[in-house]
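Labels run A, B, C, D and E following the written order; every chain starts at residue 1.
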Amino acid sequence: MDFSYTIFILLIPITTFLLLGFFYNRIKPAVSGWIGVTALTIVAGLSYYTAIKYFFYTPKLEGKYQTLYGIKMNWMNFTDKLHIDMGILLDPISIMMLVVVSTISLMVHIYSRGYMDGDRGYTKFFAFLSLFTFAMMGLVVATNLFQIYIFWELVGVSSFLLIGYYYEKPSAVAAAKKAFIVTRFADLGFLIGILLMGYYGGSYDFGILNNPEGAAIMNWASSSFMGLSVITWALLLMFMGGAGKSAMFPLHIWLPDAMEGPTPVSALIHAATMVVAGVYLVARMFPMFYFVEDGYALHVVAWVGAISSLIAAIIALTQYDIKRVLAFSTMSQIGYMMLALGVSKFDGHEGLGYMASMWHLFTHAMFKALLFLGAGSIIHAIHSNFMQDMGGLRKYMPITHITFLIGALSISGFPLTAGFFSKDEILAAAFEHNKPIYFITLFVAGLTAFYMFRLYFSIFWGKKKEYEHTPHESPWSMKFPLMFLAFMSVAAGYISFSEMVTADRAIFHIHFDFVGAAIAVSVGLSGIALAWFFYKKPTDYPEKISTAFGRFYTWTFHKFYIDELYLFITRTIIFKYISGSFAWFDQNVVDGSMRGIGNKTVSFSKLIKGLQSGKLQDYAVAFAGGAFILVLIVLYVL
Amino acid sequence: MNISNFLVMRHEIILLVLILFMLVLEVFTTTKNKKKLINVAIGLFLIHTIIGFFPQETASLFGGSFKTYGLVHFFKNVLNFGVLIILLQSADWLRDKVAAYNKIPEFFILLFSSLLGMYFMISSGDFLMFYIGLELSTLPLIALIAYNSHDQRATEAGIKMILSAALASAISLFGISMLYATGGSLYFESIATSLHESNLAIFGMVLFFAGIGFKISLAPFHFWTADVYEGAPTQITSYLSVISKGAAVFILMIILFTVLPVLNETWKIVVYIVAIATMFTGNLFALRQQNMKRFLAYSSIAQAGFMLMGIINADELGISTVVFFVLIYIFSNLGAFGVVQAIINQTGKENMEDYKGLYRTNPMLSLVLLLALFSLAGIPPIAGFFGKFFLYTAAAQKGYFILVFIAVVNVTISLYYYLLPVRAMFLETSENPIPYFKSKNMMRAGLLLTVVGVLILGLYSPLYGYIVELSKNIINPDLLTYLAK
Amino acid sequence: MIENISIYELLTVSTILFFIGLYGFLTRKNLIAMMMAIELLLNAAVINFVVINKYLFPDMLQGVYFSIFIIAVAAAETALAISIIINLYRLKTSVAITETETMKY
Amino acid sequence: MERVFFYIFAVIIIVFAIASVTSKKILRAIMYLLMSLLAIAALYFMMDYAFLGAVQMAVYAGGIIILFIFSVLLIHHVEGEIEEPSKMRKIGMALLSLLGLGISLATIYSFDFKVATKTATTSVENIGKGLLNYGEGGFILPFEVISILLLAAMIGAIIIAKGRKNI
Amino acid sequence: MDILTLLVVVPFLTVLVLIFFGKGLVKSRTITLVGSLVQFGLALNLLFAYLKERAINDSIMLFSRDIMWFKSFNIHYAIGVDGVSVALILLTAIIVLAGVFISWKIDQLPKEFFIFLVILAAGVYGFFISVDLFTMFVFYEIAVIPMYLLIGIWGSGPRENSAMKLTLMLMGASAVLLVGILGLYFNSNADGGALTFNIFEIAKVHISEDTQRLFFPIVFIGFAVIGALFPFHTWSPSGHASAPTAVSMLHAGVLMKLGGYGIFRVAMFLLPAGALYWTNFFIVLAVIGIVYGALAAIKQTDLKYINAYSSVSHLGMVLFALLMLNKTAWNGAILQSLSHGFMTALFFALIGMIYGRTHTRDATKMGGLLKIIPFISMIYVVAGLASLGLPGMSGFVAEMNIFAGAFQHTDTFHRVASILTVSAIVITAVYILRVVGMMLMGPIRFDEFKNLPKVTWYERVGIYLLLIPVVGIGIAPMWLSNMIMDSIEPFFKGVEVLINK
């Protein structure tokens, strides 16, 4: 099977970027929008074609999906063994990701034509979108750790550029910087992990590293550091990178702020695609995570996922900025995916968590993008991000309302929506392998339903506000993506994922567990009910409850002061004390000592000028004294 | 005694004839015509210089009192060349200033006598000739220092010089008497073979060293230098700083290497200590000088310290590097002094302050000074660098790496103050800079020669190769083998 | 050679003379007096040459000749020095050493 | 006998030398110097170097001392006094000189001089011949050179002395 | 004349032409432009000639030439190039050319400015082609000394003092280096044979271990000062801050590379045992420099200071890489030299342009430049991204080689050092983004900056000249990295043998 055409999946977006980037002030905005959409349509088409070709027409090897390379070339050599390749790796997860990324990206492109209409940097925006798409595509098809890292960084940069798109807004600038630096910090771990892995695993190539019979996995115990295998350390460090990108606790602080970017960007990058890169990374390296040191690293993944999802869900309860609620919800859902991977085993049905995670990734991309785009549509209409400014919008924006409702239902795990199926599998996997996590997950499911419907009711129901401009339904370019994604938010549940994306790449069949599903559904429904009770009409219950929780509420409202903690560490400790004292040290001590040597020489020179007293007899003393002292030295001292 | 012997002594004889000729001219020219003597004298000296370049045999005359061989011959030519440049540079001064005092021919007589003294000194084969040569080179020079008899500073300089010089030669003589006592002769060759290491010999050697160290202005025998350089007419200062110093270094080296090799263990220690003291003294004092002449005086002290690094080598390499360095040093220092002179003649200003913004008004002069200072500082590809580098090599060859290290520390210090005039000229600007002026042709020729010298001498390697050839076999190989036992 | 007098004694005399001269040179406040001290210094050296010649190498007269030349040079030196000193006197009407301290540092 | 003479002369040399460098009255100092120089000449006579003694007397007594006296008369009054240096300086310099003296004498006494046994008489004729000999042991060259030296010194002295007239 | 000597001769010819015909700005810059274009052509030609020759010739140095200079010292004018020098020569040619464009409108004494600039370039070319230590040293100083005048005359701020400090420190270092060179020279006859300055001759000699230990730090420090080794880097911030734009570019872009190059060519090659003995000590200094430079940069507000400290940090990586003693890291070191050269030159060029418009370099005094001068600002962002090691830019390629090399050491000391070094990339991101956020983004804070002149054509040319290599190396590092890697091989042998023991 020849997949070399897949190179175009990468080439088309980058070409678009260069085209739009270089001629950004010469191309008319309308044209650039069309260029972007057309390019993405082609890319999406290619992705679907590849998916179909791979899953249905490519023969399996011993019943397993095989790894194929669209293209693979040497990019740089470190040593004879260690080298960086550039290539396109095709296997179930990468193809799934291709589909996700291209679909969402296409939708966002279309949506942006309406949303960004009239913006000064319209062309630039599309250029950056293309850049992001290129980077993300490159990331998912990476053949080795370094390639993934390379595109990982590029994704980070395009995220930076897009968050800082409204660069004249100081908050946007700050958010962009924060996002970049926090993820960069996480990437530090990733990079060190890669380097360690390269050294101990002997390669960066996934094919070699992930081979369960390969040297990297078999010899994991050969060297250890502080009681853990170095390979485990490497995996943990790499997971740190993943956690940073995927906004896992405690590296999540950038994600809410990233909502300063244009909403389509939030939908594309900070909900559907880039933030799941961490999940994708763990999934990509899953054999290693699983086999090395009995999955020690995987436990960490599971617990980090669980804790993140819990914390995020709690924080989401108290937020008023709709995009931030969605952001915390994203974080919470990614926590789900992480924990699902974390509790997964490898073979067959044991690997349910893996499959569930990927499935949830897929469905989440659809419904979360939907929710964000919906939110964007609302913001577009009333020019505010805050729930307090909204209410009763269902009349003004019916399509948005319906699609948003579908998205909310899907994320809450309402039966027969996509979210229901994927989340159910996650719960099942957690139940099977890790009970504490299962209960957390269940609790979070309830919270999720509650805050989503808190959001939903506050926006579309509640009391009617007096709007300055009557809100309008959005144009078709925005409505179409909403509708398409709404459709997908339901339809994605009916794709048989277990026949496509599994841990060991063999097909298995899901046993649908009605009891488990019933529990989950009832939890979800009670959450919705509670929200209905609280927010359908304006009541004072929320306030009472928040007062009842007292300090806990304040803490939650302030996101547990994690931001403040980071600020304290960076701004006060690192910037002010460490960096400031270094700068001081350099100016005064290092430079000062160098200058001091010079000054001392000069002042010494001033000091001894009296020797040249102008008095002839003093000279004579020096002369005669010098001569006889020399005699003394050579004859009687030495 | 025959004609060929005289040919061997032709430097001396022609110069003597020149002196006498000037004396005659002095008597027979009227006051008005004396200005013309300047050109005559310079022209005659040019001829003398050219004749000097004809090859010459190795010879030893007057029972060994007078010796000449390739290197000495070469060195005399170098001195001639230096003096020629000095004469070219002084022409203006003579014409504009000295003519007023009616002292022109005397200037040449005294200067040539001093040069003649140098010849005899570096050709000397015994201590007597050495002493007489030394005095002959010094006394007329002192007269020249105090030449400007209405200038109090010049007179002060003269007094300081003559009293210091007298003290130095007295101490030196005391030392020579001890060498005479221990070596049994005044002749260098006999001393070299019959001298044995003894405290008395070392005593004598150190006192002798102090006496000649005075001429070279080595610390702590250098104190007269700055004051005299400042007070003397600039032309004489440059003569003092290059010709007088160069000749003294040369003969010190020859005596230490060929007459006193027995004491080499000791005099190396002396040279080592004195070299370090000299470098530091020169550099540290030069740091804060404002007067250009004093500044160059200390700089020349520091340079003398570097020359000792070649001497400490005590071998052929040392000879060749020192001679090479002195040659380059003559050109560099004359370049610097030439510019200082030109400015003093024109404006009477000799402070570094006055040099501010000089580049904007007198770019050529500034560039000459820049090159000269860079050469003194030892910055490639200007000749001074090669001279210094070879001196380091000479010291390092015998393992004196610490000395080399101290030297490079000093080079860095020296770079600082050599850059100060550069800074004044190029970097800074002034309210009233020295206005543009056109130098006379003689001065230009003098400066041009130095510029060509500092640019070419280092890069043109055959020159150094020639010096190396000349330096061979000066140290008696038999003596060395004898000493090795 | 003087009967019964060893070379050491003679050299002691000359050395003492030398340091007396040195002392004088270093302490006198008058330029002419300093020149006189110089004469003492030179004489010490002259005695050395003569004595050494006489006691150690009597067959060659090198030391003696050296002495003669030293005396001659000393005369020339003194003459020149005196002329400069007198010139200073004409400029400053003083020959104190303190008159020669304007250039320093 | 000669020993006694020697010591007398030695004492004269040293005592007058000291007097010469310490006397306050400059003209007296010159006289003390003269005494000292004459005693040195006497030493030369004792050593059988009559010629040298004569030169010493002629050049010093007849030349240099006269020069000093003239210059002093030109400059000072007959009773002209020299400013005294400070006590500290005197003591310091004395100590320095004594130190130098100590070093020198210690060095000289440490050397074992091989005193020649034979004595050769020196006549003025020998000295004259030596001065005009241009072979080994001959000193015609320095003899010639010193004439130039004297000439140059003379010109130098004149040039400085004549100085101001022509300004 | 061979193509290498031409590299030195052409600049000197340019100087001569400038002296005689370079009156006024237009003439002098035209002459210099032609001269540097010729140099650029020569450098390109050299690259292709080298690649062609390398295919058929496997001696270490190509186009070698050896002329006896000072016979008695056995000093030769010996030249030759390998991949490393070819790459660095190309770097120099490009930066000089860009520098001419950036100095298009220099108003004060243009002729002299270009003369010194070209002399500097000649020194650098000479240094890169030299095989003889003496020749190398001569060229080194030729390259350093014009700096004094260039900064002193055309600089800004406390230019006199900065220039003096810079010159004294660099020349002081070179003086130390000189001792080291003499040490090498006088040990070059350890196996019998003649004394020599030729590095390949010396490399054949077995210099005793004690000697190597004695002279390695001397040679290393001698070179490392110009490579901004902590704590000898202090000349760099003030020097850069005071220097005119083109000089900053050349200095940070090329001159500072002399240090790393010299260490690679001389210290590591000739004194492998010394290197092995001292490596840990210098690693500590290098790592301090890397982290410290980056942290100090955070606190600066003057753009040039930021860049200068960033250079300390980046060049610390070069030294660090060289001290890692393996081929990958060395490859990284050379790549980093190149990358930093282009990148930092670009930075300085941009800073110069911004300064030329706003007349301030204080990042806190500006804001929202992205809106006013979008092109320059955008390129500034790109340069910043290159500086923080974004993939697709040259910095990434270099740094990854360094890191991959560094991680080949398994002991704790090296691990800690490596991890600290890697962590610098985060700090770099912090200070780069800080400036970008403060100066380029955000609202326009000052009215006087509302209307600034657009970027001119010559500025564009300068920018593209520098930007293209940055991106080019970043996207396709293979050819360059292979060329360098092959050339490192013979120089690594000495260390390799010792390590394998």
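One rule holds in what follows: a contact is a pair of C-beta atoms (placed from the backbone, for glycine too) under 8 Å apart; a residue touches a chain by one contact, two chains touch by 3 or more.
Model, not experiment: these values are computed from the prediction.
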| item | value |
| --- | --- |
| Shared interface partners, meaning chains that touch subunit A and subunit C | B, D |
| Centroid comparison with subunit A (C-alpha atoms), farthest chain | D |
| Chain closest to the middle, measuring from C-alpha centroids that were averaged per chain | E |
| Busiest interface, counted in C-beta pairs | C-D |
| Geometric centre distance via CA averages, subunit E-subunit D, whole Å | 70 |
| Distance between the centres, which are taken as Cα means, of subunit E and subunit B, whole angstrom | 42 |
| Between subunit C and subunit B, distance of the C-alpha-averaged centres to the nearest whole Å | 27 |
| Averaged-CA centre spacing for the pair subunit D and subunit B, given as whole angstrom | 31 |
| For subunit A, residues contacting two or more additional chains | 598, 609, 612, 614, 616, 620-621, 624-625, 631, 635 |
| Two or more partner chains touched - positions in subunit E | 168 |
| For subunit D, residues contacting two or more additional chains | 93, 96, 100, 103-104, 107-108, 113, 137, 139, 142, 146, 149, 153, 156-157, 160-161, 163-164 |
| Pairs of chains satisfying the touch condition | A-B, A-C, A-D, A-E, B-C, B-D, B-E, C-D |
| Partner subunit B, residues of subunit D touching it in the complex | 103-104, 107-108, 110-111, 113, 133-142, 145-146, 148-149, 151-153, 155-157, 159-164, 166-167 |
| Touch list for subunit B against partner subunit D, complex | 1, 16, 19, 61-66, 100-103, 106, 109-110, 113-114, 116-117, 120, 128-129, 132-133, 135-136, 139-140, 142-144, 146-147, 149-150, 158, 178, 181-182, 187, 198-200, 203 |
| In the complex, subunit A residues that touch subunit B | 598, 601-602, 604-606, 608-609, 611-612, 614, 616, 618-620, 622-627, 630-631, 633-635, 638 |
| Parts of subunit A lying in touch with subunit D, wherever the complex brings them together | 621, 624-625, 628, 631-632, 635-636 |
| Contact footprint of subunit B on subunit C as seen in their complex | 18, 21, 25, 31, 34-35, 38, 41-42, 44-45, 48-49, 52, 56-57, 60, 62-63, 65-66, 69-70, 73, 76-77, 80-81, 84-85, 87-88, 91-92, 99-100, 102-104 |
